[in-house]
Amino acid sequence: MTNTQVTLVQIDNYGPWTVTPEPRREADLQTMQSRLYADISQFVGNRGGYTFFTRFDNMIAVTNGCSLEDHALLQESVGNRYPVTLSLGVATGTNPVQALADATETIQDAGSAQDKNRRECLKGRVIEPPHRSEGDIQIAHFDVINATGNYTDELNAFDTFIEIEQGYAELMRHMRYAHGSLSFFVGGDNVIVVCPDLGRDEYDEALSHVEEAVDVEMQVGVGRGKSAHEAGYAAKHALETCRTDGTRVELEWDTA
Amino acid sequence: MTNTQVTLVQIDNYGPWTVTPEPRREADLQTMQSRLYADISQFVGNRGGYTFFTRFDNMIAVTNGCSLEDHALLQESVGNRYPVTLSLGVATGTNPVQALADATETIQDAGSAQDKNRRECLKGRVIEPPHRSEGDIQIAHFDVINATGNYTDELNAFDTFIEIEQGYAELMRHMRYAHGSLSFFVGGDNVIVVCPDLGRDEYDEALSHVEEAVDVEMQVGVGRGKSAHEAGYAAKHALETCRTDGTRVELEWDTA
Amino acid sequence: MTNTQVTLVQIDNYGPWTVTPEPRREADLQTMQSRLYADISQFVGNRGGYTFFTRFDNMIAVTNGCSLEDHALLQESVGNRYPVTLSLGVATGTNPVQALADATETIQDAGSAQDKNRRECLKGRVIEPPHRSEGDIQIAHFDVINATGNYTDELNAFDTFIEIEQGYAELMRHMRYAHGSLSFFVGGDNVIVVCPDLGRDEYDEALSHVEEAVDVEMQVGVGRGKSAHEAGYAAKHALETCRTDGTRVELEWDTA
Amino acid sequence: MTNTQVTLVQIDNYGPWTVTPEPRREADLQTMQSRLYADISQFVGNRGGYTFFTRFDNMIAVTNGCSLEDHALLQESVGNRYPVTLSLGVATGTNPVQALADATETIQDAGSAQDKNRRECLKGRVIEPPHRSEGDIQIAHFDVINATGNYTDELNAFDTFIEIEQGYAELMRHMRYAHGSLSFFVGGDNVIVVCPDLGRDEYDEALSHVEEAVDVEMQVGVGRGKSAHEAGYAAKHALETCRTDGTRVELEWDTA
């Protein structure tokens, strides 16, 4: 049974800020939000978690191993170094989508994303160390089979991007509605999926679904661990096996 | 008539690097690639250009105003500060998709994205200052109508993201195949589209298409300029007019 | 009795790298080394430690609260994101200078700072959690009395800098040879000093020495704690008392 | 005849900000100010200038090649991405110290460094392109002879730092009062000096002075150029000649 700790990171009142008093230079907004993401990714990442940029103004993180004190410190540190502040909602559960829904609600209950008076709220609960276990996280790392040979070196860069986006859009919807999983594009042709307790059949089915729906061939390595890093690292190794052996689905705990 | 200068930025041999000798920590890869993007966005942005993260290992920039010397300096500076290097392909044209296709080809001709021996290649041509003009760039800035009220404050953060992703995926395909335009998600509920010379009818049609196809209501402000910043800034102002007046399409040059 | 854990952070073979194959652009070196420092400051800082840029190629950190695993993770993360690598030496003791001397030796024993074959060495020992205590660190935060009124708003920026540098150069030598302390300029007119167990008399004497030697008037707040952050934060509060009450030395534990 | 364009970069009301409402975490201040410096160094550096961190809250840059529009853009970009703002004073002259004095005055006239109401002021004048020439900048790059062998690999890291600081403190004072030059420690054992039109005798004399005063042996390479980068790059090459030939002073324009 998985037990995923999910944190929703929301920039307070960001939309209005970007156009006050006048629209701000787009390149500065892009720089600021991608560096903010990078800092959060480092903070969470060197505690064993994963952070996904998602919409940048709303980022989603798997934070097993981060205490509420860690969350408060991240909030303080960002407030000291950026022109914007963060609100954080944290929740846990066997189903990542449900955990995120709970995390989202704690922030929505505190006020609108564009509420001037809702700043730096920190709400929710974490998994205390004694209750953490080896199987808390299951992560699946998907990529597109031979993306470089079939797309990057063949099509123009935008058409390659469209193919990969299509594969991602289909996979994200399918994994969310069929399997209660959260899928994130992480660059290149890679998609990292935060899953509940799924087995080989569900992954086989997901690959077939994407191939039939949008004709994109993917492969997947799956790992388990006490933290996102542990599970994700095992998934990367399993994916390496797909690449070398030409298999489509590799579960690191089931290498029979 | 537009004349868009497009640069394809490709990290050399990035895929193999990320798993050599062992897969690298995902949080470090995410941090490194988003900071690299941020630096390129600043460099190009403070010369009037726009850079889009796209797949991160392949980024697309609108670089009217950047010389080949500027491109070489960016390449040198990144090579001095990052563990990876960049290859750059530059091309120009009235049709942004065709310009990107030409830019891509110059890089593909130099070698595969995973060719160990293809490093820091810089190929292509720019628009020389005397040939630049006010109407070289047309940029359309789309966003989702009342995204905060309809989605962010209502759905869980992932379901909101799915809605916005769907709108983007549909818009990007439509604008590329129907109108030769390059569409990029830039965070929140915003999509910036680099267009050839389009008019009100094409934008009306695009909004209707997206609404019919995936039931996402968007609005758009459109601007023209000598640089991406000028055109994009005018587009942002036009979009502000949509927000205040409740209109769906605003062309900054046609406010009758 | 203090028990300071000191880490020497040395960039491997940095000097030769900066001129290979040709001298690299100075602005890129400055950018890279100050960002590397910033990342280390964040990593150590959000674990309660302090990092000082010192010479940039050799940085000194107070790392009580950081395990050897944390040190290894910092090393791995920097190696994944920068074109250079780090060697780390860690040592502990009641005398900060002696602890740093021991930390330095562990690295020197592994090879020269310009030895091509000495990369990412990690040597030394830390204070295990059960042995940490409230009084492990003593930090003194000095600044120049009314620097803005007497210097910044009056002299040209370089002459102000010379005055502050002179005060720092005198203070660093005196605190090192008379009191076994490590002094670091941290910007503005601030000097943070990592001390053994010192009392009011030593600080009074240090202030008088600097004033007599170079005619710079300073004040100091002193704090104790389990970590550099705790001690340093108490010192900042004590320094605020100097500023408001016009006193020269404030010890947070002795406010009689 | 040199003609140096100097910019004083001052963070507005920084001191009070660092302790409002409470003292901020030192590690966050260190991270923020070193990243701000890095960004300014990149912006100025990729236009051919040099930026020195100096006191961090007051930085000094050699900006030949940067227009007032460039300065305004830097100000805007920092204001969009940081929690602090910058005031900039620019001046030019044959004597770098006098130019800096003039740049400082323009900012001091606008208000105190701790004046709440003085924000983002931009004052002064630049050298227009038609008036720029090859000999506008003279830069001397000093380092300590065999610093690694004599200090870094022998003494503890702090005692090495003290030796280098002493050499720097003596050199900065001497070059300022005897030769109207601005000296900046740039890390390692390197000092970059922005000079008026000096010859071999002045450099020989400076080296002897430092050696007699504090027993630190240095060598120097000197270059000229239209920009700080050109002059500094020539100086680096000249310093390489010192290192290889064992000479003490190398002027790139006088290799007889």
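Quick notes
Each chain carries a letter (A, B, C and D) given by its place in the written order, and its residues are counted from 1.
One rule holds in what follows: a residue touches a chain if its C-beta (ideal position, glycine included) is under 8 Å from a C-beta of that chain, and two chains touch if they have at least 3 such contacts.
No experiment lies behind these values; they were computed from the predicted model shown.
Listed by label, the chains that touch subunit B and also subunit C are A, D. The minimum number of touch steps linking subunit A to subunit C comes to 1. The most distant chain from subunit D is A, comparing centres defined as mean Cα coordinates.
Annotation: the subunit A:subunit B pair of sequence copies touches via predominantly the same residues, more than half of the used numbers being shared.
The interface with the greater count of contacting C-beta pairs, when A-D is set against B-D, is A-D. Matching CA atoms, the turn from subunit C to subunit D amounts to 180°, rounded to the nearest 5. Note: centroid distance subunit A to subunit B, computed from Cα atoms, is 22 Å. Once the centre of each chain is set as its mean CA position, subunit A and subunit D turn out to be 43 Å apart. A separation of 37 Å divides the Cα centre of subunit B from that of subunit D. Listed for subunit A are residues 25, 27-29, 31, 35, 39, 42, 45-46, 77, each touching two or more other chains.
The touch graph of the protein chains shown is complete. Those residues of subunit B that touch subunit D in the complex are listed here as 39, 42-43, 45-46, 73-74, 77.
On the side of subunit B, the complex with subunit C involves touching residues 24-25, 27-29, 31-32, 35, 76-77, 80-83. Chain contact summary for the complex, subunit D toward subunit C: residues 8, 10, 14-15, 19, 23, 25-31, 33-35, 37-39, 41-42, 44-46, 49-51, 53-58, 60, 97, 100-101, 103-105, 108, 112-114, 148, 152-162, 164-166, 169, 172-173, 176, 182, 186-189, 192, 229, 232-233, 236-237, 240.
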